[in-house]
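Chain nomenclature is as follows: A, B, C and D, assigned in order of appearance, with residue numbering initiated at 1 for each chain independently.
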Amino acid sequence: MSNFSQFETKIGVRPDDIDMNQHVHNSKYFDYVLAARYDQMSRCYGMSMEKFLERGFSWVVRSSYMEHKRPLRLGDTAIIQTQVDEIQARSVRVAFLISKESDNRTVAKGWLEYVMVDANSGRPKTIPDDVVSAYSV
Amino acid sequence: MSNFSQFETKIGVRPDDIDMNQHVHNSKYFDYVLAARYDQMSRCYGMSMEKFLERGFSWVVRSSYMEHKRPLRLGDTAIIQTQVDEIQARSVRVAFLISKESDNRTVAKGWLEYVMVDANSGRPKTIPDDVVSAYSV
Amino acid sequence: MSNFSQFETKIGVRPDDIDMNQHVHNSKYFDYVLAARYDQMSRCYGMSMEKFLERGFSWVVRSSYMEHKRPLRLGDTAIIQTQVDEIQARSVRVAFLISKESDNRTVAKGWLEYVMVDANSGRPKTIPDDVVSAYSV
Amino acid sequence: MSNFSQFETKIGVRPDDIDMNQHVHNSKYFDYVLAARYDQMSRCYGMSMEKFLERGFSWVVRSSYMEHKRPLRLGDTAIIQTQVDEIQARSVRVAFLISKESDNRTVAKGWLEYVMVDANSGRPKTIPDDVVSAYSV
């Protein structure tokens, strides 16, 4: 992995996350990663999504990749670890690893590429220096 | 039921609506009614949610009641009938009936009470006369 | 309220719970209550949903009522209090109160009526005595 | 793209698909593709998910990739085109393209890799010849 710090968030599986296969619905794993990033933005990087929005910035997903290893079920707690992989002029790639708290085994892994945009126009923006610094921990 | 017109919207069940019990998740039936109302606001009342928002108004749910008769499953199509029940100074009560297209049997029924609010402040507003007229069909 | 015990579960708002109105989507409050009940079934009543399923029983929602007082937003934590209201031969009525952790104010309140069913046939069943006892705390 | 047939499914955006950014929530695009595949399995390949389950088989997602080009909003209808990309002994890769009905522009594209599993044990299975044939259209 990269030289950037790795942060961790715990999320308990909710019954409404379970689908007809009796495990967490595939697309919900992305929501767990999203929840972990929001938590970590304010708690670990000191730059909450609310602060970005106040400055007229937002982050949107440009691309994503995920590999599923084994499912989470009702009663499980997910540990979501994320880590900045690469910072470019207008985008950040974030790697993630989801594991199950009870046995520490890998549930899924992958990455998300976020583009910084103007919150009103939706157009890509150059990431300001102070944001690059905040994420370079 | 009331003297107001009854309108109808069809919604196909999606796999992500199904929960661990192999039928449409309870809370999703409210989302089907919401989708039906949005469709009917623009198609049947000539006042889409977008038009309300442009005028600085929005609708929020104050209370809701639902009785479940039998579930919808994968492959089913829902028919959602709604009808204004009562129009008050600041709120509208809408009755709904969800049935299954294939056998016409009742799936769920109930009502939702919507309050008109200022879209920015969230405070209740008196419903303008032209809106009362539009809904009194 | 009733003489039955009141139990409490905390749930952090996730970004995927937020809708176009910038607050927790209406139908998601039912999912919070569902998550609280699952937690409390195993933690407070000593009868997890899994145990019911092993015995061939399940619970389905027959009816529900909710009043919304004020919304939850991103970053909020919900406190969900539930309490058995009434136990009948084949159903249990559970009252709930959702409040916001930060200021203790009421977000929503209401009740859910659950029917005990045979997990395979879906037909209503008389609630066994030991289940009535477990819930009569 | 591959030599396999391309099939198409239309899905109307529902209000509960919209997130705080006023467009369809990122992870919901995977649910649209899932819904399109279920529709096409029964309508275009003559092998519904129900038939697979009856034979003791199921499909699970092993990996997925998506690029987002522009968002869908309230009132939009999505066109989801899918096409088998590659059939291996135990997995199938399906490419997808999501576009907006109103202007035909690309919303997102990517692929999903599905593994055939034993519906009970969850273990990978060799895809039976008749299934390979059904998908080789």
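As a working rule, a contact is a pair of C-beta atoms (placed from the backbone, for glycine too) under 8 Å apart; a residue touches a chain by one contact, two chains touch by 3 or more.
Just so it is clear, the model here is predicted, and its values are computed rather than measured.
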{"item": "Any chain in contact with chain C as well as chain D", "value": "A, B"}
{"item": "Between A-B and B-D, the pair joined by more C-beta contacts", "value": "B-D"}
{"item": "Farthest-lying chain, centroid of Cα atoms versus that of chain C", "value": "D"}
{"item": "Distance between the centres, which are taken as Cα means, of chain D and chain B, whole angstrom", "value": "29"}
{"item": "Interchain centroid distance [CA atoms averaged], chain A/chain D, Å", "value": "24"}
{"item": "For chain A paired with chain B, centre-to-centre distance based on mean C-alpha positions, whole Å", "value": "34"}
{"item": "Contacts with 2+ other chains: residues of chain A", "value": "15-16, 27-28, 31, 34, 74"}
{"item": "Complex interface listing, chain B residues touching chain C", "value": "21, 26-28, 30-31, 34, 58, 60-68"}
{"item": "Complex contacts: residues of chain D adjacent to chain C", "value": "15-16, 18-20, 22, 25, 27, 74"}
{"item": "Touching residues on chain B, where the partner in the complex is chain D", "value": "11, 14-16, 28, 31, 34-35, 38, 42, 48-50, 74-75"}
